[in-house]
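The following blocks contain the structures, represented as structure tokens.
Both complexes below contain chain A, partnered by chain B and then by chain C.
So, the complex of A and B:
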């Protein structure tokens, strides 16, 4: 009896987790004209159509740009920050830790509105610049946290050993610290990439005429055209995320770091 | 021989406002194996880190080979340090760990190879070159850390608690190993330990430290048989230390009359120096344990607790019963106040 209940719970959980994904895959593979489930016959034409929509291509490129370079920038800022928080007793370091984590806690809508109202409008930033800064800021907490946890496991005396063998402080960091937190850095990159790529609320406020990230563009598209191509695109994006996570797991056991 | 290699003068070390070592003077002789001994917090590790250059002194001077290195950064001092945790690089093979410092010097590949192989062979790890540190046992990691420092041909090799992470059997093996390596390479070794047995067994000279100051400096034999202060005596196993007042031994618990002239303000006895079974005093047995060649008693006497060793041939006295004992002048170590 208990065994049966266990299986039931497991089955329901999987249904809730995977169900929507399956619905989207099939809704996108519809042969009909509008978004529907179950689909009216099967066809790959909507999957093909995605690639012909001009605005999708532009917004995909923008989202890619933001996810890759925003995350890289966040790592360039976040790795030294995590290092300093881990290795030195800083005045008010608990406060810094809390502030760094703030974008995770504060709802995206508020972050987006605040950035729009107090940065973009008064300082007259371009839309792309504003989006880039917002995405960097959003990803920064993940960079600091994930890198912090791998630094935490790395003993400080290893760097001292490297220094006594002739390294400068910077060389010790590059030759000893970095190779040993490589997994954490990659994990932070993937987490940041996915977070940035799927980000809606902040981008919603900051997107401007002709400059939209892909999720915002998909929302806009759906308001006008209710065809299955959005579902097809969603399915492909989900596969992209899955592929990245799978590759990372295969390469270095990604789940250990998150 | 007996040329001074490292000289510390007026060395003061502090962490923030806490002064860990005030005004230390110490000369380390070329080729010797010297131990910095003391309980935790005595400043031994702090002193070692200052010699290595990992900690900048508040004041004072450090010279190595006559050259003032007080302001020379750690990576340019030519000093090796074997960390207590070994601090091996987990992402590199044993070979690359040892070659690490040589590669930084941009030596020719052939020289790096031959020196690394020699270094690994010296510590008996030939055949383990490709292993990662995590694939080596504790003792092997220790020896790898030793090789990594030795291949750099350091002027001084510092060792932080080199035996504390090893089990009893490995500890003995490593002790022999360290002495052998020191004999073969002639490198000056400074090691930090809180274990007096380790210091006595290994060192040519022992620096006993207390609260950042040198309590006593001497050969193991001098420290063992002639401790100069109550602290040194206690550290060297004189567990029964009493004041002398008006021809009586006095402790916080009470006093016992003396039948001889003490000639010193303090007298100290090892447990083995207390004679059990006969004598003018008596004590109740609080604890008794078998220790191979002898039996260790804790006695409750007029002076409070006394630790005394009895020959194993004498019959065991049960707990709670009284036994006669003596604190003879011949086995007492007189101490200055």
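So, the complex of A and C:
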């Protein structure tokens, strides 16, 4: 009896959380002209149509670019910072930690507006450049935190031993530390990628002619038409995210790091 | 632990300067904008903002929805987390995975699903008309209920995750012991489970409340201009009216609300024994 009640509660909760996503998959596979569930017959035509929409292609590339290079830049900045915060006694390290973590706390829409007003307009930054910086800053806290936690688990005497045996500090880092934290680095990359790719509020104000991230483009498309292609696209994107996360989980036990 | 401070700073400062210059400084200038006028410092941006009835409605609606979403998520979250913790190890891992899964999916996709469910020709309306409860479809989209459901679905996983990890730390015998000694389930919850999981509740509550306050997509898609929230109001003020003073005021309100929610919940958590 207890067991039954247990599963009933879980079943209802999971239906609420996952159900809408299943509906999206089928709504996108409709043979009809409008968004409906259950769909009017099944077909993959809307899934195919997504690839023919010019703006989706452009915005997908932009979102990919931001997610990949923004996250890489965040890692290039974040790994040394995480290393320094873990291994050195720094004056004001709490302040540094707070500053680096700040982008998580500030609502994205404010960041986007602030960058538009004070970087793009007066300093003549391109929108793409501002988007790149916003996405990098947004991912930076995750990079520092995830890499920090895997550095925390790595004993510092290993690299001290490497230095005693004749490595330079840089060599010790490259040969001893980096190989040992690569799981954490990859986990940070994936978390950053998914966060950046799905990000909406930051990019809301940062868009110009022909420069739109994919989620913003989807919102704009939805305002014009309610055809099922956005549902199809949403479903495909969801599968992309899930495939990445599952591959990571299989390869290195992603969830240990997050 | 290395003692070469200069080397350490050289490694840490690029990231800090990046965040500071490209993030905090622009945001700081934006927040200060409402306090500036031609003649000096002023609070008129704030008084003007709250003088408008629409802005008051939007402010209280945002607050109300944030509290409702966080509260409902906590109630369902406790039930779900309790069930998850009671599962065997394999089932627990799988169910937990299913709870986390929506977080990896684009919020646009997750919100879009509610159009299919709540739209004029959506599932709910089909059922209502089919069962003869109403002759014509009812307007379900662009209502507070739609926004509430969308936000709840979006942020509930965060609450469940926080509560599950808090509940895993409850010693296994404590709850049966309380039961054997005669506590009702309500007493067990209030006097055993709640105190032992309050940190998880604070984390989950802050995440859900802040998330609901600062979500843009859900109120934009499911509420539209009929059910404005602070985020969508901010967007509208800037895009329609170029009104940066209101934008700055709303930005400050959002930040203050998020911070005070966190402080308040921490207070409540530490006040009890």
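Convention: the second predicted complex is superposed on the first by the 258 of 258 C-alpha atoms of A that agree within 3 Å, B and C clash if a C-alpha of one lies under 4 Å from a C-alpha of the other, contacts with A are read in each partner's own complex, and residues count from 1 in each chain.
We take it that a contact is a pair of C-beta atoms (placed from the backbone, for glycine too) under 8 Å apart; a residue touches a chain by one contact, two chains touch by 3 or more.
All figures in this text were calculated on a predicted structure; none of them were measured in a lab.
*Asks:* First (chain B), second (chain C), both or neither: which does A:41 touch?
*Replies:* neither
*Asks:* Counting only touches as set out at the top, which of chain B and chain C does A:237 meet: first, second, both, neither?
*Replies:* second
*Asks:* Which partner reaches more residues of chain A, chain B or chain C?
*Replies:* C
*Asks:* Using the touch definition from the top, say if A:81 reaches chain B (first), chain C (second), both or neither.
*Replies:* A:81 contacts chain C only, not chain B.
*Asks:* Using the touch definition from the top, say if A:165 reaches chain B (first), chain C (second), both or neither.
*Replies:* So A:165 only meets chain B here.
*Asks:* With both complexes overlaid on chain A, does A:210 touch chain B (first), chain C (second), both or neither?
*Replies:* Neither chain B nor chain C is touched by A:210.
*Asks:* Could you say whether A:27 touches chain B, chain C, both of them, or neither, answering first, second, both or neither?
*Replies:* A:27 contacts chain C only, not chain B.
*Asks:* Taking the complex as given, what residues does chain B use to touch chain A?
*Replies:* On the chain B side, the touching residues are 52-54, 74-75, 79-81, 83, 85, 87-91, 100-101, 104-105, 148-149, 152.
*Asks:* For chain A, which residues count as touching chain C in their complex?
*Replies:* Residues in contact with chain C: 6-7, 9-10, 13-14, 16-18, 20-21, 23-24, 27, 34-37, 77-78, 80-81, 83-85, 87-91, 93, 96, 99-100, 102-103, 105-111, 113-115, 117-119, 133-134, 136-137, 140, 144, 156, 169, 194, 197-198, 200-201, 204-205, 215, 218-219, 222, 226, 230-231, 234-235, 237-238, 241-242, 245.
*Asks:* Would you pull the chain C residues touching chain A in the complex into a rising list?
*Replies:* So the residues of chain C in touch with chain A come to 1-5, 7-9, 11-16, 18-20, 22-27, 29-31, 76, 79-80, 83-84, 86-87, 95, 98-99, 101-102, 104-110, 112-117, 119, 121-123, 152-153, 156-157, 160, 213-214, 216-217, 220-221, 231, 234-235, 238, 244, 247, 251, 254-255, 258-259.
*Asks:* Okay, in this complex, where on chain A does chain B touch?
*Replies:* Against chain B, chain A makes touches at 155, 157-158, 160-168, 171, 175-176, 179-180.
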